[in-house]
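Both of the next two complexes hold chain A, though its partner changes from chain B to chain C.
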Partner chain A sequence: MTPILKLALIGHVFAGLVALIFYYAMIPNLIGKNPQLNFLKRLSLFGLVSLLVSWILAGYYYVTYYGQNVKPLIKSGQLPWAHSILMETKEHIFLFLPFLGLVLLASLLSIKSDITRDDNLRKALASLAFLIVALGTAVTIFGVVISGAAK
Partner chain B sequence: MDWTTILKISHLIGTVLGVGAVSFIDFFYLRAARDGKIEPSEVEPIRLLTPFLRLGLIILILSGFGYFLFYRLTGHEERLLNPRFLAKITVVGVILINGLLLQTKKIPVNIGGPISSASWYTAFILGAWRALNLSYFAIIAAYVFVVLMAIFTLGVIKKLLKIPI
Partner chain C sequence: MINATVLSAILTIIYITVITVAGELYPPLKEFLAKNFSHHWIGKSITAILVFVVFAGLLLVLKPKIKTAFLLNLLSAISIVSALILFSFFAWESFR
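For the complex of A and B:
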């Protein structure tokens, strides 16, 4: 594996984790009594940027290395389903995540009213942030199992 | 200093911060609740300790994934499917979900507190007990038992100390 590929592998994991930390931090703030709109906008922006960084790095690793070098190992190993089920699922969720992040950021940027008075809006935004965290956590765990199967 | 040492030190710092903070939070909570009402000044130590708990969790997760990448890049991928490693990921997941439920007040402190303490100690023990050779489900069953025991123990302590809340 070349140094650039190693960097892509390491970078996509850490950028993804950092994104999840940002989105995770949004949930209690949205549900709490005093949500701070500017703080939420910042978290959402940082979360989206981190997701996009993770997206580009993972895309590079997947297109240039995974298919030719890792996938055959998994398919011929003891856990071929790690690719056929987990990686196939991971790919699609992973492609979808930045769009969810974009929806969340766009929703926060478009809020003109007092967010503290609109419980339904806050609950909907918290649910969206939770969905990103839940899906992100799922693909992270899939990644661990997929890597474990590449032996 | 090599990468394994850096990872080990940061993982230990994360665990120490988390286990230490959760232990003191439990102690201050019990002390504050002794008279049946919690004054704002009694909450202050808990408020001060909470960022350390969060910092410990972030360091633990990032260094944990540092180990994941280290195993992946050094050809030790089989360690990623080690039941102890997978159980530890599960326990950290419980800490995250429980923390969220506690912060959003969707779970009572009487339940969420012991889950948090038991989970942090379980993560600590799983990290330290390298010779542990049990299946994933056996470890998780033991963990569930520990959590239930922690909830039960807190109830007993509250009864013994006559804590009404």
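For the complex of A and C:
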């Protein structure tokens, strides 16, 4: 594996985890009594940027290296389902995340009224942030199993 | 603007799920994406962005009058269902 591929592999995991931290940090602020809109906008923006970075790095690694070098190893090993179920699910569920992140950011940017007055909206946004964290966590766990299966 | 974005995201996630399952069940579709975008996953990524942009543009004009909170919850629900569909589909395909 070239240094750039190693960087892409490690980088996509790091960027993804950073994104999850930003989205996780949004949840208590959204469900709390005094949501700070500017803070939420910043977290949402940084979260989206992190997801986009992860998307690009993961894509580079996946397209240039994984298919030819790692996938055959997993499929011929003791845990072939690590690719056929987990990797296949992971690579497609991941595609949801940038769009969910974009919606969260767009929602926060477009709020004109006091967010503290709209409980339903705050809860819906908190649910969306939680969903991003949940899906991202699943993607991460799948990645850990896939890495183990490749050894 | 926000309703257009949320609805577009809903349609995009449905699109990603449908194109993924369809590509596995009908290999020429997956091959079409691979041939035109160098890799099927890149093809799904790019076409998903296109779907999002096109529908966002269309819905910005149509301006659907639906409660934003409802649409956000619908987006979350559809994302969960789509994720479960994908996982179940690949599990079924793996063991058949």
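The definition used in the following text is that the second predicted complex is superposed on the first by the 151 of 151 C-alpha atoms of A that agree within 3 Å, B and C clash if a C-alpha of one lies under 4 Å from a C-alpha of the other, contacts with A are read in each partner's own complex, and residues count from 1 in each chain.
Everything below uses one rule, namely that a residue touches a chain if its C-beta (ideal position, glycine included) is under 8 Å from a C-beta of that chain, and two chains touch if they have at least 3 such contacts.
Predicted model, so just to flag it, every value in this text is computed and none were measured.
J.: When the two structures are superposed on chain A, do chain B and chain C clash or fit side by side?
T.: Chain B/chain C on chain A - fit side by side.
J.: Going by the contact rule set out at the top, does A:L17 touch chain B (first), chain C (second), both, or neither?
T.: Only chain B; A:L17 stays clear of chain C.
J.: For A:G59 in the superposed arrangement: first (chain B), second (chain C), both or neither?
T.: second
J.: Is A:L7 in contact with chain B, with chain C, with both, or with neither (first, second, both, neither)?
T.: Touch status of A:L7: no partner.
J.: Consider the C-alpha centres of chain B and chain C from the C-alpha centre of chain A, and write down the angle between them to the nearest 10 degrees.
T.: 140
J.: What is the contact status of A:F96 with respect to chain B (first) and chain C (second): first, second, both, or neither?
T.: In the superposition, A:F96 touches chain C alone.
J.: Determine, under the contact definition given at the top, whether A:V144 touches first (chain B), second (chain C), both, or neither.
T.: First partner only, chain B.
J.: Quick check on the superposed pair: does A:P28 touch chain B, chain C, both, or neither? Answer first, second, both or neither.
T.: A:P28 sits against chain B, while chain C stays out of touch.
J.: Touching A:L45, do we find chain B (first), chain C (second), both, or neither?
T.: After superposition on chain A, A:L45 lies in contact with neither partner.
J.: Looking at chain A, does chain C or chain B touch more of its residues?
T.: C
J.: Enter the shortest inter-chain Cα distance between chain B and chain C once the structures share a common frame, rounded to whole Å.
T.: 18
J.: List the residues of chain A that touch chain B in one complex and chain C in the other.
T.: On chain A, no residue contacts both chain B in one structure and chain C in the other.
J.: Touching chain A in the complex: which residues of chain C?
T.: Contacts found on chain C: 1-2, 5-6, 9, 12-13, 16-17, 20, 38-39, 41-42, 44-45, 48, 52, 67-70, 72-73, 75-76, 79-80, 82-83, 86-87, 90-91, 93-94.
J.: Across the complex, what residues on chain A touch chain C?
T.: 55, 59, 62-63, 67, 80-81, 84-85, 88-89, 91-93, 95-96, 99-100, 102-103, 106-107, 110, 118, 120-121, 123-125, 127-128, 131, 135, 138
J.: So in the complex, which bits of chain A are touching chain B?
T.: 1, 6, 9-10, 13-14, 17, 21, 24, 27-28, 31-32, 137, 140-141, 144-145, 147-151
J.: If you look only at chain B, which of its residues touch chain A in the complex?
T.: Touching chain A: residues 58, 61-62, 65, 68-69, 71-73, 75, 77-81, 86, 89, 93, 96, 100, 103-104 of chain B.
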